[in-house]
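What follows is subunit A paired twice: with subunit B in the first complex and subunit C in the second.
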Partner chain A sequence: MTQFLGAVAGGVGLGSIYALLALGFVIIYKSMRVISFAQPAFMLAGAVLVSYLSPSIGFVPAVVVGAIAIAGVALVVERVAIRPMVGKAVFVIAIITIGIDIVVRVVAGAFIGRDPRQVGDPWGIDAWEVGGVYIAHRHIAAFLVTTVLVLALFAFFRWTPIGLAMRASALDQEAAMAQGVSVGAVFAVSWALAGGLAAVAGVFAASGRTMDQNLWHIALAALPVIILGGLDSLGGAVLGGLLIGVAQQVVASYHRQWFPGLDTNIGSITPYLVMLVVLLVRPYGLFGTKEVERV
Partner chain B sequence: MSIGTPWGRPELYTDYKQDMALLNTRAKTAGVAAILVVAALLPLLVADDLLVILGGGLVLAIGALGLNLVTGYAGQVSLGHAFFVGVGAYTAAVMAGDPDGRYLGLGIDFMPLWLLGAGLVAALFGALVAPLATRLRGLYLAIVTLGLVFIGQYFFFEWNELSGGPQVGREAAKPALFGIEFTVDNGFKGGWTEEQKLFWLFLVILVIAAVAARNIARSRIGRAFAAIRDRDVAAGVMGVNLTHYKVIAFTLSSFYAGIAGALMYSASGHFTPESFSLLMSIQFIAIVLIGGVATVSGTIMGALLIAMLPRIAGELPAFVPFLSSSASEHPNVFEFEQVMYGVLIVAFLLFEPRGLFGIWHRIRTYWKSFPFSY
Partner chain C sequence: MLAVQNLEVVYDDVVLALRGVSLGVPDGRIVALLGANGGGKSTLLRSLSGLLDVHDGEIRKGTVTLDGEQVGQLSPSALARRGIKHVLEGRRVFKELSAEENLRVGAYADRRNLKANLERVYGLFPVLRDRRDGQAGLLSGGEQQMLAIGRALMSDPRYLLLDEPSLGLAPKVVEQIRDIVVEINGQGTGILLVEQNATMALEIAHHGYVLENGRVVMDRPAAELREDADVREFYLGLGADGEAASSFRNVKHYRRRKRWAS
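Here is the complex of A and B:
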């Protein structure tokens, strides 16, 4: 039981990271109907940037500055490479984001260097012990920050004018334009939000370990999350993130008992396996809107 | 193959067959013949180190033709091509492998057999994945095929008797036919070197694969693919069986990937499961987009360009002083090479969506209509 609870605690921490990343995917999808494969790069870039900033200005300011800076990078990318392609096939735009991902990721990766590099988080690998269950501080921090950010995001979409504009254009772009909504601004804000969220997720993904080039694989595991939750459901992204995170950690923890014949831990591919099963049963995820085809 | 149009009126097509012929103009006939002759003579003219790269490009082209069938012609985005290439590579290695060796091996020396086997096993996996594809569209499909790469790579890592395990790897299948061992270097004895023989082998297989792909594209199947790509609902209404043709598209594409996988490591003789990562899938996507979506000649051009990219990047430090050729310094040529993939993909999609084929098309039109601009 302690093993299970420990795995769940770790899973909630990991799931919070997934939720942040998945929210970015969903926000962009809702505004542009495109999946941005550039999220992994923004995540890595955010973590690297924070690791450079935090020794001089402290961890929390570094995270804030890093998130804003990556949001700025995302803005530029959207304006330069994505906006000219609006109206083209979604597949083409998705492939462009793959190209951007490679460029940004390699450039950010070059700054990692050879020395072990850390984001400078205050909690490291400390943990509390509650009834034999170890709960790492960084997982609690990830969960709390994600909760705050998710609440702030939902408030933003609910009560601010630009949030309303984003919801309107997600519902019907042309009708929103007819009402005077600047769809260009909506695109820009959604990319900036996604970039900022990815940067924060990157910090938590990199905390408690040294940075390496493979950090971006975590962001790819957020793709099954949005499939599970449904591509256009913000709540689904959060719930899906937590579900996948917990499932992955539980499988990783019980790997020895369940699959004694397999050497490599199967936890790493659990998100994809869950995704395949979900898709066979519900092709539009748990909360996604079923696509209606008009002829 | 008759050319069909009368002398003096080369653009007079009197029936559909003439219009759709493989070589529908005389210029094309002459051009293809010239390219084939040059390609066949290339091993005698070019240094061996460059031949290795070009030969690698030819193999990449075979795999990319497969991706172009499913993604370019049929419009089903697949990020899982690396998985099928891996299946082909391992099938070939197992079929041709030494039965008494450390890893799985059946000891089948006859090359056409293991080559076809690699293609067929990969095609079987493609057919198994295809039902998922028929339920999903567009970006959902892209993500699922991306998951396939990770799941596949897990099994390649895990199944040590098959793959040799991570970072260890196993020997690749060695092509040999009618007593010619393609991977044995006879250059010092006055015979052909390994690089020359492999280049010719790859060239022959690529020509067969390309002609087959072109013929598929202009057949009933190809027209069904194009209809599905352009508007699947409309295609369905017109009586194109969507499930049927999507399964065909994935199966054919995986067959090509399997063949490419079987040949990809002949030159190096050894491969590790790390090769079949998302990066390889992206490389194939890059080839298709840079070469030209839904074109055969463009795919081959794109594959050669991508294969040359490491070499081009390797030559750069001589001209660009801040670029280092050592992997431990930044920025280095390996990073530059990676960035170039990304930059080329983005640049081509933004400025030349039809790829290298589009550029060629513009040059051709310019000369054809010279001195008029239209």
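Here is the complex of A and C:
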């Protein structure tokens, strides 16, 4: 039982990171109908930037400044690389985001260097022990910060004019334009939000370990998350993130009993196995809009 | 005055939808725009509100002017800020937002008088106040049309472009919408009313245009249009003697006679 609870606690921490990343995917998808593959790069860039900032200004300010800076980078990238392509086929824009991902990732990766870098988080691998269950501080922190960010996002989409305009534009872009909503502003804000969220996710992904070039692999698991939660559902992204995180950790914890012949990596591929099952059984995910196409 | 001069609009670089249309909407008047399907009515509204882009349309010749200043190249959001609001055909409310959220989106172009405008819209459409927290998609067709009009009013527009507000509504509701259009106009908003329901449109309009195959074929005060024999026959569904056409034999003339002297 303690093993299970320990796995769940770790899964919630990991799932919070997935949720932050998945929210970025969903926000961009809702506004542009494009899956942005640039999220992993923003995540890595955020973590690298924070690792440079935190020694001088402290960890928490570094995360805030880093998230805002990466949001700014995303804003510029959207303006330069994506906006001119608006109106072109969605497939073309998705491919461009892959290009952006590679460029940003290589540039950010070059700053990692050879010395081991850390984001400078105060938690490290400390943990509390509650009745035999070890709960890592960084997992608790990830979960709390994600909760706060999710609440802030929901408030943003509910009460601010631009948030409301973004929801309206996701439902009916032309009607939103007729109300005076600038679609360019909607795209820009969605990219900035996604970039900022990815940067925060990167910090938590990198906490408790040293930075390496492969940190971005974690962001790939956001794809199964959005498939599970539904491409266009913010709530689905959060819940899907937690579910996938927990599933991954539980499988990783029990792999010796369940899959004796397989190596520890079975945990890492769990998100993708879940994704395959979801695609077979319920391709629009838990909360996604069921596509109805009439011919 | 919101006006277009010799406007030519092309879709997808090939389809010529407007062929030299000139038309004006004076401040505080109701102008009716009649015509058969595919005549270019919606295209004209789109070129006034800047929404041609969305449909791959483009102004090839001619100008769109607001008080004499050229505005044809402006974005929809800039035009909305200048007080031109387009109520799209088919209502197009944001179905998953609540009625009040729909209205708040409508205030995006000009949020200064949000509270007062909300009260004004609820005053015009009391039913919306009752259903303010309900999902807009669950409103009836008439209520959705009211919501669409109310949403456009939220930013104090100078001109309201109404595309087929009576589409698919029961006659009683059409009357209600008609009265409301008159009331909105009475509060000082200029209205360009595109309608298939010519009877309704000509009842309330000051001036009328008939658009056919992308050309203006008639441009007269509404009272004259109501009396015009051809308009009576083709748009108001009345026979030459003023009675509703009693037999399809009379309607057969439609094709042959549907050419205006020009």
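Rule of thumb we're sticking to: the second predicted complex is superposed on the first by the 292 of 295 C-alpha atoms of A that agree within 3 Å, B and C clash if a C-alpha of one lies under 4 Å from a C-alpha of the other, contacts with A are read in each partner's own complex, and residues count from 1 in each chain.
Keep in mind that, in the parts below, contacts are C-beta pairs under 8 Å (C-beta built on N, C-alpha and C of every residue); 3 or more make two chains touch, one makes a residue touch a chain.
Just so it is clear, the structure is predicted and the values come from calculations on it, not from any experiment.
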If you count the residues of subunit A that each partner touches, which comes out higher, subunit B or subunit C?
B
Output check: A:R167 vs subunit B and subunit C. Expected answer is one of first, second, both, neither. What do you get?
second
For A:M275 in the superposed arrangement: first (subunit B), second (subunit C), both or neither?
first
Quick check for you: in the superposed arrangement, does A:V181 touch first (subunit B), second (subunit C), both or neither?
second
Does subunit B (first) or subunit C (second) touch A:V106, or do both, or does neither?
first
Counting only touches as set out at the top, which of subunit B and subunit C does A:V92 meet: first, second, both, neither?
first
With the two complexes superposed on chain A, say which partner A:I35 touches: subunit B (first), subunit C (second), both, or neither.
first
Subunit B and subunit C contact sites that coincide on subunit A, given as residue numbers:
none
Residue ranges of subunit A in contact with subunit B within the complex
34-35, 81, 84-85, 88, 90-92, 94-96, 98-103, 106-107, 109-111, 113-114, 220, 223-224, 226-227, 231, 262-264, 266, 268-269, 271-273, 275-276, 279-280, 283, 291, 293, 295
Quick one: in the complex, what on subunit B touches subunit A?
75, 77, 132, 135-140, 142-144, 146-148, 150-151, 154, 157-158, 160, 166, 233-234, 237, 278, 282, 285, 289, 328, 330-331, 335, 338-339, 341-346, 349-350, 353
Touching residues on subunit C, where the partner in the complex is subunit A:
49-51, 54, 75-77, 80-81, 85-88, 92-97, 101-102, 104-111, 151-152, 155
Mind listing the subunit A positions that touch subunit C in their complex?
161, 164-165, 167-168, 171-182
